[in-house]
Every structure is written in structure tokens, then in C-alpha cells.
Amino acid sequence: MQTHDAKRVEIIIEAVMERRLTDALSEAGVTGYTVLPVLGGSGRSGQWSREGQVGRAAGMVSVICLIRPDRLDALLDAAFAVVDRHIGVVSISEAQVVRAERF
Amino acid sequence: MQTHDAKRVEIIIEAVMERRLTDALSEAGVTGYTVLPVLGGSGRSGQWSREGQVGRAAGMVSVICLIRPDRLDALLDAAFAVVDRHIGVVSISEAQVVRAERF
Amino acid sequence: MQTHDAKRVEIIIEAVMERRLTDALSEAGVTGYTVLPVLGGSGRSGQWSREGQVGRAAGMVSVICLIRPDRLDALLDAAFAVVDRHIGVVSISEAQVVRAERF
Amino acid sequence: MDNLFALAADNLLSPIILFFGLGFFAAFARSDLSVPEAVAKGMSLYLLFAIGFKGGASVADHGIDGRLISALVAGAVLSFLIPFLAFALLRVLSKLSTIDAAAVAAHYGSISIVTFVASSSVVDSAGLDPEGYMVAVAAVMEAPAILSALWLVARSDGGGRMEAGLIREILLNGSIVLLVGSFLIGFVTGAEGLAMIAPFIVTPFNGVLCLFLLDMGLVAGRGLRAARADLRPPLLAFGLIMPPIGAAVGLVAGLLVGLSPGGLALLMTLSASASYIAVPAAMRVALPDANPSIYLTLSLGVTFPFNLTLGIPAYLAVAQAISGG
Amino acid sequence: MDNLFALAADNLLSPIILFFGLGFFAAFARSDLSVPEAVAKGMSLYLLFAIGFKGGASVADHGIDGRLISALVAGAVLSFLIPFLAFALLRVLSKLSTIDAAAVAAHYGSISIVTFVASSSVVDSAGLDPEGYMVAVAAVMEAPAILSALWLVARSDGGGRMEAGLIREILLNGSIVLLVGSFLIGFVTGAEGLAMIAPFIVTPFNGVLCLFLLDMGLVAGRGLRAARADLRPPLLAFGLIMPPIGAAVGLVAGLLVGLSPGGLALLMTLSASASYIAVPAAMRVALPDANPSIYLTLSLGVTFPFNLTLGIPAYLAVAQAISGG
Amino acid sequence: MDNLFALAADNLLSPIILFFGLGFFAAFARSDLSVPEAVAKGMSLYLLFAIGFKGGASVADHGIDGRLISALVAGAVLSFLIPFLAFALLRVLSKLSTIDAAAVAAHYGSISIVTFVASSSVVDSAGLDPEGYMVAVAAVMEAPAILSALWLVARSDGGGRMEAGLIREILLNGSIVLLVGSFLIGFVTGAEGLAMIAPFIVTPFNGVLCLFLLDMGLVAGRGLRAARADLRPPLLAFGLIMPPIGAAVGLVAGLLVGLSPGGLALLMTLSASASYIAVPAAMRVALPDANPSIYLTLSLGVTFPFNLTLGIPAYLAVAQAISGG
């Protein structure tokens, strides 16, 4: 099957920032992404778990974007404008997609 | 630690199609996969979120398969027979697995 | 944007073993990871789904670690000491991270 | 007519409707108020369990009515026929493609169980005592409309996958199984069974319904906000005209069967209501090219609120007037 | 004997059992009916909270009984011993490996709290007033069986990791903490506390139990369907023979302690029941090589339905007959 | 004084507090007891729905009080002012940075709705009949404190992003919308509406509150355990001294407004309580550099348990003494 190069960007970010991130992505022309729930984790700011939360204050989500390689920088700029001072992690990996016209 | 090449296929698909997809995978001899929940996303068919659903009609799931590289095409054929006319995204990336005899 | 090489390790493991795994990771000096919920899956030990569980006995979670390549082996050793005789899957892929000082 | 206005005003000021309105308002104001998916699903299981059981216990109490079978048949026939009316009306009013029109039509042939529950509550408050088996009629009406829609599509372009598994899947969908199962258990265990669980399914029922309709308001409001662009005036008109048409057909059927005034009002409501759970799921499988935004918005964003606020009291008033009540 | 049949028939036609049957049916018919995980877990917290509290309030009401301590000791001893019986029976009946047999044995020494709840409900309906501290006995019986199973394995091949953390984890597992904590709070706050929350934990209790058993039926049915292959006749036989054996041992212990007829029936039920929450989790940690499909299917798919439908009324009938009731 | 001790003892032995204690204990013992997130959120929706509605129905019953407006204004002013007191106290007591101190201050100006609910329950038990609109006062007090904190930060270093969207987001956060909406619906539908849903929102209320506080105990205990390192003595002192100071300010305001003894006790409780839902979320957006571990631990781990156990009965005793009650 014919496949095309793409980048897979995974952004783990505080749930309160989710809408701000996806708004920023949309503005940067990134209209394809998927949001996954996160149960817990650990990082420089310590360990947390969904069970230990009364409200939504400290939860996180994982946002996954598949994009054409040439649009990676625009995406990262938009994402970092939001993630910047916030708790969270961004990683990028190589991927192949099948229906390239969609990305 | 000794590792072996594998492919990691990620299929984001409508929840109503999940069983049809996993059945098709099984028939194609792909018996290893993991299903992750999805909270929301955006694509050509617009934005949606789990909160905005009364029933299960419009939710999505993410199905992850680790397979031996030589079986990728069989998997993609089986997956596309199901995903085809449906909302969703398929991506593939390189991976390494440790216990190769399992895949 | 300046990026740095990293490894992305994905460990799908029984929920009852989660704390033991994260404890082992911490002891091995891996303090960054994220835990995602899993809805269901299939492997050598058959098919299961979250719906089919009364308790937490048979559920699984996915633990994702981004680490510096030179620390991969320490991580895998720690992880396998726990996963070893248990149901589960470990895969590794190449990734890029932006704020390398964090990893 | 006075009666109608009084009923409508009363209805609009019931907590149930006001909580729906609160959800609608919160959605439009972009509040982050939300009911967790699991809780919303839990409440819907509760409602199905409660109305199924109460319906069955009521049939056990009144004895099996000779009209039970004819009412069930009438329900199936209504569910088969209404999609054709809806399809024809859509072709006249709008420029929807065959596939989109058929998908919408399927929703209007099928039913909304929450609309049925709200209607039962209004009918009860009016002091009527509808046939307990109307719950079973509701269950029977869920699925046939899907077949009509698939036939409409197959006739024109051969699309629409009616795979073997789908019919089984529709007939055994969770809502139908729980509703019918609870109905049968209510019937078997009767007054004694009801007494045992009434403090769970009867007394707190209206309160749970308020919370549930808060969530429906949130979902309907969010759907409507997101899909405003798709909702051109002809479609909006359809969403408001179709329910009374359905209700009228239901009225005729109900009179033929010989239902009581309360039963009539319920059958009219069922005919007027549109599905937003079982049918959308079936359409995603069978007609993936139909645009979900159109059918969901019409069913949940337009027809559901219309029936809840104006439709139900109107159907009841008509049913009472015609029955000479 | 007549008494027994009447009890069994009554029991089979109670809404609680019928909803279990509905879930079982839905699972086998491959309906997509399902209770969200969070709601199921919420209901199980509710049941533990309610029975713990009611047990404690009942002890506060009746005063502490001299037999309390001996009943707790009896529970611990039963939980330690029954696994040896189960293990021996399995070795005779089936060809399970030591590890699999030990893992299964652990389940039968421990208890199923839902079986206990269902039994309490039957015992109450029979007009008996069992000792309130039976709830505490249930808590005590959860864990010891695990130690017996690990000892059985260690003896033969040295496998089975009894790590330091595991015992603490088992003793402090959520169900035990909530059950015992609620028991103590019920005991401390007594009748006044109970009056305050009775509309939450007493009146709607049976209704919640119906919904919960619907879910249990779904899960048990799905498990059984998936694991039919593993369930060879000897295992099936074990799942049906072991409960009465456990009940008999429990009966002897209960008579030695001097329990009332209601308390006897409950202790028999506890001894006859098999765990499907706490013990499976512990087995995954301590005996990862044991096949979960075997122990879960036996415990949840065979023994649980057996006790629920036939076992409970039988144990009650025996307890009443022997107490000369 | 005797009165105070009796009240405190009574309060400490109520099931509500004991279940909080059970959760706290389970967290410290590292039990895996946990309430699913969706269920906890469902219960908090229930509590907001119930107290909002009851407050509104009570206002409808008593007629609108001339003091309603002044009470709302007083609430807003308290919420604006208390952060300045808290900030000053923190600067004296601790070495927190401006940003951390401002973030903590925002929490203490805002309110904890569960503390309010627990206080209402104690006030009711004492036979008082507080103003129904205190619920609306609670809603008004949620947000202003956030502005004060942002101003405190902006003054010193220009940090703190007060983006356009944030104010809207705070004012329309789910809790406020549901609380105020239920209040209005309760007011509009009055005694009739209340009668319709009382079996859902009144009778089981205390039981749900027990389960909810079990979860609060778990979360507070886990938070405290994880953040022990951050909780140096000066901070701990702040968490215990600030509530009485807030209560004193609330008392003065309440006397100026002319509230009844019950209303006074509630306003004192609101002033003494600290937010742990709305404000933390706002702080993550507006002051991401503030350390969440500090403000969450103080608010949820120190001040919440303090108010629940000792604060509430003390505020009530003072309110009664001063009103000459």
C-alpha cells in the first residue's frame, strides 16, 4: 500500500490548557488531532494520578497530531506558545500515513 | 537487550466500527492489539468531544497493533477494508520489540 | 526548533502491576512517565475488554516513557524485572524531544 | 385551546423542562458544565430499568389487555411507515441527497425514549392511567425504521450495507434489551416486585429525570451550536413540521387500536419523536456516507426540544379532546 | 424439603435473580448492553457502605455479643482451611497444575460480598434477624485463603512470590477498608446515625442491588462465553460441588460458635462463596503463571450463579432445619 | 463554651465527619480504596443541584428578603478583600514568593461548597432556619478573589496573564452555573417543584454526603501525604489561623447585613473556607508558575479538615452567642 511520510507529534499537557492548545493549533492551520485521556504520570513536578484529584485542576491529556513534515515547525511554534510555562511534554516521531491528501 | 524490528500501527476509528475492525484483524491473522479510549478530536469532519455525545454513536477509539514488518501489508489491507468509507486515520511507525517470538 | 534524540518506550501491562512498575522505574532513575488507560485488547492470553471486568483484576494500562537514548537499557532492565512473567508488551521507538534538559 | 395553553405553560415551568433549559443555556454560554459520560449512561440505564419495570408491573396489575398485540403491531407499522413520509417531506422541503434524507428519515420513524418518559410524566400528572404496555410498544418501534431507510437507499443507488450482523445488533441493542427485560421482570414479579424496589425506581424518578435532562440540554445545545452551519431553514422547518405529522399518524393508529386517552398521547409522542442513540449508531455502520451532523442536529437539537416543550402538551390536549376526555 | 423448594422458587422469581438472569441472557445473546465501569464500581462502593453501616448499627442496637470474637476467629479459620479442601478436591477431580489448583483454591476460601448481600436479603425476607457482626466476619474471611494458597505452591515448587507489600495490600484493599470502616462508623453512630442516612442506604437498597446484579450477570455471562473452552466437565463439577462442601464446613463452625439460624445461613453462604475481585488481583501479583481464565470462570461463571439461585435458599433451609427453626 | 464543646463533639461523631476520617485514614494507610472520578463528579453535581434547588425553594417560600441584595454585595466584597488579608498574613508568616502567596490568597477569598453544605447540615440540626439565598451568596463569592490575586501579582512583577477568556470561564464554570441555575429553578417552581423531586434531593442527601466526604478524605489524605515536604510549619500555621480570621471578617459583614444566626454561621463558614476546584483551575491558567502543591495542600489538606471538624461548630457557637441565641 502506498504510504507517505508524516510526523507524529504527541503533546502531554494539563487538561485546563487543552482548549487553548487546540485553538492555537487550529489557528496555525492544524485541524487534525486526537485527544487521549491520561490516568497519571510523573515528571519534574512530581507524581500525580487521576484518583487524587477533586476537580479537573491537575489532570492531563495527551494530544496527538499527524501532520505533513513541512508543517511541523508551524505546529511546534503554535504549541509552544501555549505549553511554554506549563507543565507538559512534547515529542515528535516519524510516521507513515496512507491517505496523504487528508493531512 | 536484544530487540527486533516491528511496525507500530495506530488506527483511530469510530467506536461503532471497533468490533468489525478487530474481527477483520483476527481474520487476517493479527491477534495482538490494544484499544485505547479517545476523548475527542478534530479532522475533516469537524471537531467532536466525548462530552457532546448522548450515546456511543460518534465516539472514537484508538487501536494499536505491533506486528512483524512482513505482515504489515496484510494488516493494512484488512484494516482498510473496514475503515475505508469511515471517518478515521491510520498511521504507521517503526518500532523495536523485545520478545519477538510474541509477534 | 531545536530537537534532541530520545527513545519512546511504551509498556502495556496489567493494572495490578502498575505501581510495581513505576516504583521500579523510579528506582532505576526514570522519573518521567505517563500512564494511559486501556479499554481492551488481544494477545496470546486471549481477548479482554474493560466491560467484562468486575474488579480491577484483569485491566491493563499503557505506560509511556520518553528518555535519553543512553538510559534505555537501564529502563528496559528495570521494566523487565517487573513485566517478566506477566502478561504485557514492551515496544520502543525513536523520538525527538524539544526541551532536552527535562529528560 | 385554553386547556392547551395552560398545559403548555405548566409544562414549561416544570423542573424537568427548566433543567433542560439550563443545560441548553449553559451550552450556548460555553460553560464547562458537563455530566461525566459514565454518569449520563448510568442515568439512562436507570430510566430504562424504571420505566420498563413499572410498565410491566402495571400490565401485571391490570391483566393482559386484548389490545396489547394490536398495539405492538401498530407500533411496528408506524415505525416502518413514518420514514417514507419523512423522506418525501425532506425531498420536497430540502436539497438533501438521497442518503442523507434516508438517514434522517430513519431517525423519525424510530423513537426517543426520553421523550417517552417525559410524556409519561405529563400524562401521569394529568391524572390519566395509560396502558402499561406502551413501554413495549416503544421498544418495538426502535428498529423497523432502519430497514425502511436502508430500503430507500438500496432502491436508488444500491448503497447501504445491510450486513448480516447489523439486524441482530439493532434488535439486541442495550436499550431494547434492558427495556424489554425490565418490562418482563416487572410483569412476572408484579406488585410484590414493585413494592420491593419502588423506593429506588418510583420515588426518586423525577429527580433523576431532571439531572438527566440537564445533560440532554447540554448535549443538544452543544450539538446545535457546533452544527449551526448545517442547519439551513428548510431543515429547521422539517424538524418542526415532522413531529406533528408523526403525531397525527400515531393518533390515527392509536384510535384504530382503541387506546385510552393516556395511551393515545403516548403513541402520538412516540410517533412524533426521533431517535438519537440507536439509529445514529446504526447509520454510522450502514450508511457511513450520510452526514451525522445533519441527522443528529435535527433529532437532538430541534425535534427533541420541540417535543419536550410544546409537542407533548399539545399531543396530550389533542388526545384528550378526541377521546372526548 | 417442601420448604426448600418453595424457598428456591421464591428466590428464583425475585427481581434480584431475574435481573441477574437478564444480564446473563444479554451476554449470551451478544447484546451490547453494558454498565459503565465507573457506575458498577460506584454501586459496589454503595453496597459495601450500606451493609457495613447497617451491620454496625445492628451490633450497636443489640449490644456486643459474646460470640463476636469466636465468630471472627471461626471466619479466619474457615478461610485458612477451605483452600486445602478445595485443593484436594481439585487434584482428585481435575488435571490442573499445582499452581492453577492453588489459585482456584484461594478463591473458594475467600468470599464474595455480593453473594453475602443477596443472602442477607433472603434471610431478612424469611423474617430472621442475623447477627450484625456477620459483616465483620465476611471482612475477616477475605484474605487468609490467599496465604494458604501461596503456602500450597511454595511447598511444592517454591514458586509464588509473597513479597512484603502484598499482605499489606490485601489487608488494606478498598473493599475491606470500606466494609470495616462503615461497620465501625455504624457501630459508633448507632440508631441515630442510621436514621440520618437510612433513606440512602436502606430504602433504595434492593433496587440498586437489582441493577448491580444485572451487571454481574453481564460480566459472568461474557466471561463464561469467552472461556467455554477452558471449562472442562471436571472443573464444572468442582464449581458445583465445592460450594455445598464449603457450606457444610461453615455450618459446623457456625454451630460451634452458636450462631442464630440467620447467622448460620450467612456463614454457610460465606464459606460456600468464592471471591472474584480481591483474590484474582492478588493472584495476578503473586501467582502470575496461574491461568486467570480458569479461576475467574469457575468463581464468577459457575459458583456465583449456583449460589445465587440454588445455594442460598438451600443453605437457609438447612440452617433453619438444623436450628430446629 | 460548654455549648461549643458539645457541638464540636457531636459534630465529630456524625457519620459525615467519620466517613471523611475513614477516607483520610485509608489514604494514609495507602489502601487502594478509591471512588471513580465519574462517580465523584456525579455526586458533586448532585450536591450542587440539591442545595441550589432547596435554597431557591426556600426563598420562594419565605418571600424575597430585603437583605438579599446586601448579602450578595457583602459576599462579593468579602471575596475581594479576604485575599489581601491572606496575602499579608502569608508574607508575615512564610517566605513564599509573591506569586505563590497570591495564588494561595485567591483560594482563601473564594469558597468551598462542600464546607458550605456540611455547615448547612450542622445549622439545620441545630434547629436554625438560615436564609435560603445563602446559596446565591456562595456562588457570588467564588470568583472575585481570583481578580484580587491577579492584581496582587500584576502590581509587583507584571506577571499573571488575565486573558480575555479567563473571566468568562470563571464566571461560567460548571459549579456556578449549576448552583445558580438550580437556585433559580427552585425559586421559580417553589414548593410544588420541591415536592416533586424531594425524594431525590432531600431524603437521601445526607447519605450521599457521607460517600462524597469519604472521597474528599481520600483525596485530601493522599494530597497531604504526597506534599508533606512542602508543608513547612509556617504554612501549616497559616492554614489553621486563616480560617478563623476569615470567619471573623464574615461575622462582621453578616452583622452589618443583619443575617439570622443560621445565616451568620453560613457566611462565617464561607469566609473561612478555601476553594479547591474553581480557583486551582484558574491559577493553572493565569499563574502557571505558582506551585499547585502548596495551594492545594493548604486548602484541601489543612483548611478543609479544620473547618469540617472544628471550624463549623465553632462558627455556629459564635454566631448563636453573638445573636444572643
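Note that the chains take the letters A, B, C, D, E and F in the order they are written out, and that residue 1 is the start of every chain.
To be clear about the criterion, a contact is a pair of C-beta atoms (placed from the backbone, for glycine too) under 8 Å apart; a residue touches a chain by one contact, two chains touch by 3 or more.
Please read all numbers here as calculations on a predicted model, not as lab measurements.
*Asks:* Touching subunit C and subunit F alike: which chains?
*Replies:* Shared contacts of subunit C and subunit F: A, E.
*Asks:* Looking at C-alpha means, what's the farthest chain from subunit E?
*Replies:* A
*Asks:* Computing the C-alpha centre of each chain, which chain sits at the greatest distance from subunit F?
*Replies:* Result for the farthest chain: B.
*Asks:* Roughly how far is subunit C from subunit E, going centre to centre by Cα mean, in whole Å?
*Replies:* Centres of subunit C and subunit E (C-alpha means) sit 34 Å apart.
*Asks:* When the centre of a chain is set as the mean of its C-alpha atoms, what distance in Å lies between subunit C and subunit D?
*Replies:* That pair's centroid distance is 45 Å.
*Asks:* Can you compute the centre-to-centre distance for subunit B and subunit C, using the mean CA position of each chain? Integer Å is fine.
*Replies:* Distance between chain centres, rounded to whole Å: 19 Å.
*Asks:* Show the residues in subunit E shared as contacts by 2 or more other chains, in ascending order.
*Replies:* Answer for subunit E, listing residues that touch two or more other chains: 34, 36-39, 42, 204.
*Asks:* Residues of subunit B that contact two or more other chains, please.
*Replies:* 36-37, 47, 93-94
*Asks:* By the document's touch rule, what are all the touching chain pairs in this structure?
*Replies:* Those chain pairs which touch are A-B, A-C, A-F, B-C, B-D, C-E, D-E, D-F, E-F.
*Asks:* Mind pulling up the subunit E residues that touch subunit D in the complex?
*Replies:* Those residues of subunit E that touch subunit D are 13-15, 18-19, 22, 25-26, 29-39, 42, 203-208, 210-211, 214.
*Asks:* Subunit C touches which residues of subunit B in the complex?
*Replies:* Residue positions touching the partner: 1, 3, 6, 8, 22, 26, 31-37, 61, 66, 93-99, 102.
*Asks:* Looking at the complex, which residues from subunit A come into contact with subunit C?
*Replies:* Interface residues on the subunit A side: 12, 36-44, 47, 49, 60, 62, 73, 76-77, 80, 89-94.
*Asks:* Spell out the part of subunit F that touches subunit D in their complex, as residue ranges.
*Replies:* Result: residues 36-39, 41-42, 45-46, 49, 53, 168-169, 172-174, 177-178, 181-182, 185, 188-189, 193, 196-201, 204 of subunit F touch subunit D.
*Asks:* So in the complex, which bits of subunit E are touching subunit C?
*Replies:* Per the stated touch rule, the residues are 34, 37, 40, 216, 218-219, 222-223, 226, 276-278, 280-281, 283-285, 288-289, 292-293, 296, 300.
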